[in-house]
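Shared between the two complexes below is subunit A, which has subunit B as its partner in the first and subunit C in the second.
Moving on, here comes the complex of A and B:
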């Protein structure tokens, strides 16, 4: 398995996706902090915690739009490498197990997504230090993005399965981004439980007291496991025709 | 009888109602270059994908090195180098990095990369990104990948497709030398008869999913035994007369063709004249392979 993961990482070399996954969250925090500084008076008039304000300003757009879009981009480009010029049909003629290829690709995809979330947390920390936010660092603002990551597992597996099974990247790209766009709207309705794209929003911004606080994690994890196994069986049986 | 490296039984692939490969029994012997010849859409790539485990057969089985591809794909694929529907590569990586992927999976020696680059003449480009390669260079890289790790069988799907004449010549020459140089067996598909004639030692002819001929190039050539070609008037009566003598006669245009076998052309002429026919032309003709191919495939263009 280690060998398979190394090979999958090697395939990503020179790919722009790692760069985007690194820069985008940093940019998001920069935006959030800029916004916060512009309306500094407003955001601190009631004595709110500066750290929390930075977090809120940065994460609303990040978890509702940027994170799911980035996840889609990451998953699509991991699959794209295989379909662009026949890589997969060559690679699978090597003595590799299809289950191993599938697992390695999924793990690498999820790891790049995790990396992207860690960059976001780190950027928050750095930004807070730079603007000299008073008080000690509230560590929940670092834990929250990670919780949003866990809640994003369904988005990851859905976009992964679409990408790896459909050789025209426009389709998974369109579906992934299309479903991400209305997530903030749906999150404000009671139907959000049926819409996994809202789970990271609930996890990151839902507060401690909303009903079913456990739900995005429990459902998210369950959906991920079920779809991952179903997708694995499908991938192992499927004819490679591209 | 030498050892069979590839053997398929009733290998069949259906896409819905359409039968792309229809019960074919391939036999590739050790050390030969087997030319898998067929017009576009004949089912060559589909067969090759089944041999390599990319596509599941609807029916039948394929055995390579005596092992079933369904049961022991890993053992087989370790020893098989392949090109499927030419160029397949990772464009964002260099030639060396592409080969490194193959090397790591096979657990082959580091030196292998330089060895195979040398064989296909790509050493000077080895650190260039493959997406900037010409088609010929990509094709050579594909062959290098297939050779890495001393594989015993090479399955090459149209390895010269899309190359310019110089590239075609170079690749054919390379393939031709492989069995002697490295002791490998080669199964190579092509839709060009002359290519198979120039490189292969055995031929399988496939058309519309069916294997129509299989044997050595010699056996194929033997099919080109001479025919006697006759122009006699009135033609229909002459045809009936010859058939009444127990001969197999085919009329094409205004000429009649009879398999020569041990027939004596002079005696035939005499018989026709004695019977009162006007014989205006009589010749013996050899068919070329192109004709045979067209005959076998029922006139499918190549």
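Moving on, here comes the complex of A and C:
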């Protein structure tokens, strides 16, 4: 398994995915901080915590637009490497466990997404220090992105399954992006529970204001596990020539 | 000139069964579905609020379409995907290498791809405008259909989006890995959402120009028009120069 994970990571080495996963959160924090500084008076007029304001400005579009789109790009990239060179067909003819191949790809995909969230948290800290944000760092602003990550698990597994099943890259890409776009609108309705793309938004920005605070994590984890096993079962039975 | 039109026609024919069609048409479809839901759920509230701000019903429809239904994000994203797909098919099948080895001229080849992208962009905006008018009619907005408003809206969007298209075409042409132009586009679009509010910054970000395309009182359409024309020309020339130096074997 360790070897398989290493192989998967090696495949990503020259695919730009790691660079994108590193740079994108930095840009989001940059635009969030720029917006905060632009409306500094407004955002601090009632004695609001500067760290919280930086987090809020940076994460609004990060969790609603950037994170789901990046997850789609990451999962599509992982699958595309195989479809591009016919590698999956070759891979499946080798004496390796199919479950191992499936798990390695899924784990690496989730790891790259986690790395993206880590960079986001780190960028928040660096940005706060650069603008000399007063007071100690409230650690909930570091925990929230991870909560958003856990709530993103259904998005990860859905885009992973679409990417690994469909050789046409545009289909998972279109579905992933198409479903990510309305998430900010759906998150403002009571129907958000039916739309997994809203879970990271609720986890990162919902605060204590929304009911069913446990829901994105419980439902997200459950959907992930169910779909991961269903996908594994399908992958085990997949015809090499498909 | 005939060679160019042959190339353009070939490029369009190549897309016959490609996913560029659904990519181009799903974007306005999703947006109009959201707009329809928005008006279905709160038509009276939206119109009353807008009337207090001195906006007509059709202007309100454009405002809701652009901001609430997120067309200002969806349009640049759709343009990014369409441009990437137009070149992805070539990079994946090696078709670009084959075409570049023919005596057609790299400049013509690049221009034909650029024009194909522009045709899809115009089709997408036309479909969006038709559906926008249909939504207005379905909800019986007071006053007749404001043709002038919608025509100005399409014209502004076309000019602003051509700037993005030009940039994305250039990125898609030079990068064999489709992830690169897609990621650059998505990062550019999401990063510019807040930055676009400052008009001085928005001027230099092509992805931000779509935000300024609503033909409503107080909107700086000039920013979108000037920026769109400048970046369309700039990136077209940059793309032509890069593409003409492209090695056939790359």
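The definition used in the following text is that the second predicted complex is superposed on the first by the 240 of 242 C-alpha atoms of A that agree within 3 Å, B and C clash if a C-alpha of one lies under 4 Å from a C-alpha of the other, contacts with A are read in each partner's own complex, and residues count from 1 in each chain.
Quick note on the criterion: a contact is a pair of C-beta atoms (placed from the backbone, for glycine too) under 8 Å apart; a residue touches a chain by one contact, two chains touch by 3 or more.
Keep in mind that this is a model prediction, so the values were computed, not measured.
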| request: In the three-chain superposition, say which chain, subunit B or subunit C, touches more residues of subunit A. | output: C
| said: Between subunit B and subunit C, whom does A:171 touch in the aligned arrangement: first, second, both, or neither? | reply: second
| With the two structures laid over each other on chain A, which partner does A:3 touch: subunit B (first), subunit C (second), both, or neither? | first
| task | Report for A:15: first if it touches subunit B alone, second if subunit C alone, otherwise both or neither. | result | both
| task | Mind working out whether A:27 is in touch with subunit B, subunit C, both or neither, as first, second, both or neither? | result | second
| Is A:46 touching the first partner subunit B, the second partner subunit C, both, or neither of them? | neither
| query | Touching A:190 in the superposition: subunit B (first), subunit C (second), both, neither? | reply | neither
| query | Touching A:94, do we find subunit B (first), subunit C (second), both, or neither? | reply | first
| task | Enumerate the residues of subunit A that count as touching subunit B in its complex and touching subunit C in the other. | result | 15, 84
| query | What part of subunit A is in contact with subunit C in the complex they form? | reply | 15-17, 20, 23-24, 27-28, 30-32, 34-35, 38, 57, 61-62, 65-66, 69-70, 73, 76-77, 80, 84, 168-171, 173-174, 177-178, 181-182, 184-185
| task | Under the touch definition given earlier, write down the residues of subunit C that touch subunit A in their complex. | result | 19, 22-23, 26-27, 30, 34, 68-70, 73-74, 77, 81, 85, 88, 92, 177-180, 182-183, 186-187, 189-195, 197-198
| field | Touching residues on subunit A, where the partner in the complex is subunit B | value | 3, 6-7, 10-11, 13-15, 81, 84-87, 89-97, 237, 239-241
| note | So, in the complex, the side of subunit B touching subunit A is made of residues 49, 52-56, 73-75, 77-78, 80, 82-85, 87-93, 97, 100-102, 104-106, 129, 131, 142, 145
